[in-house]
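A, B and C label the chains in the order they appear, each numbered from 1.
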Amino acid sequence: MQFHQTELTLPAFNRGFHLITSRVEQALPEIAEISSGMLQVFIKHTSASLSINENADPTVRQDFESHFNKMVPENAPYYKHTFEGPDDMPAHIKSSLLGASVTIPITNGALNLGTWQGIYLCEHRDYGGQRRLVISAFGN
Amino acid sequence: MQFHQTELTLPAFNRGFHLITSRVEQALPEIAEISSGMLQVFIKHTSASLSINENADPTVRQDFESHFNKMVPENAPYYKHTFEGPDDMPAHIKSSLLGASVTIPITNGALNLGTWQGIYLCEHRDYGGQRRLVISAFGN
Amino acid sequence: MQFHQTELTLPAFNRGFHLITSRVEQALPEIAEISSGMLQVFIKHTSASLSINENADPTVRQDFESHFNKMVPENAPYYKHTFEGPDDMPAHIKSSLLGASVTIPITNGALNLGTWQGIYLCEHRDYGGQRRLVISAFGN
């Protein structure tokens, strides 16, 4: 059984949902050496998150942004943690709703994703800046 | 350390939340060979998802369906991705809220779930059809 | 490749969000033996959950409690599973929104978390009592 791990720094992305599948694959070429295993991508932040969803139509990602802004609004009257700006507390909540990591099976040296699946970086801050990922893969 | 992996095609389920624990266990009998390890179940779709929740009372699963339909409604005025039907965009959002995979510890050759825990297939489309899972288990 | 696993019983926590990072680390000292690997924490319950979020300001955790109570209210008119009290069905839904496990990379014998990340126990019941966790770590 082999285990590989690397860190990847993503450039600053705009607030919203962004496909990063090929960036992840390129950061860990050892995926190709694994016939049967798993990949984990972990984000080292609490105001951005990772998810797996539709990889084709950009309006899906726009609708994610619209819906999460409604479901977790800025300036809710019950927020106490407000000193980092109105986008901060919603970013923390969205981050836990979506999660800090995705784990994907590896089969025959490649991610075993469905045809329409891609990895999303979910940037919840207005100016989140660079984001650091830890990418781990293991298997036979 | 051993690593086992298989794919399982589920039959079409009605929109809603369904227990699939025993289907998963039967698909990978090698779980019994692992004294200490982990199981991952991954769904290769973006409009259905997996979760772990209460395995006894069917009304829990009905309440999940009711609540998710309210929290992520059809025909929200801000949806742009509408050409696949009113159930499609909410299905994508629900899928990311719940997640594409569950990972469960294996102890002494069996899933180490709590007494009341089961694996849910969460079917978010009206006619989702068959769904494909990748099931991986590893450990000593 | 090594694999370690243990169970940890947490004392009863009040309803709300609580940092448990150091309890998890202390329960599995073998983390220090892993140069490159992964840790999983799994909760064996369906009315409490685990998440990763901000580890410094207590008002973040208070705002989580406020927001989840609004997003998943008690006494929704469509709940059918009501016989275990008004806090029970919301607890199940919150538990699936946040998830039953967190998985964190291990690097150089320690959890590779971001500076501001901690592990949350999310107690969704008024009187949830003790909660049991399964903690697994593996790698080289």
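In this text, contacts are C-beta pairs under 8 Å (C-beta built on N, C-alpha and C of every residue); 3 or more make two chains touch, one makes a residue touch a chain.
Because the structure is predicted, anything quoted here is derived from the model rather than measured.
Novice: Which angle of rotation, from 0 to 180°, maps the CA atoms of chain B onto the equivalent atoms of chain C, to the nearest 5?
Specialist: Between chain B and chain C the superposing rotation measures out at 120 degrees.
Novice: Could you label the chain A-chain C interface same or different, taking same to mean over half of its residue numbers are used by both chains?
Specialist: different
Novice: Once you find the CA centre of chain A and the CA centre of chain C, what distance in Å lies between them?
Specialist: Whole-Å distance between the two chain centres: 20.
Novice: Could you pull out the residues of chain C that touch at least 2 other chains?
Specialist: Correct list: 1, 71, 97, 99, 103, 138.
Novice: Would you tell me which residues of chain B are touching chain C in their complex?
Specialist: It comes out as residues 1, 36-38, 51-54, 57, 59-60, 62-64, 66-67, 70-71, 97-99, 102-105, 107, 112-117, 120, 139-140.
Novice: Would you pull the chain A residues touching chain C in the complex into a rising list?
Specialist: 1, 3-5, 40, 42-46, 71-72, 76, 78-81, 89, 92-93, 95-97, 99-101, 103, 132, 134, 136, 138
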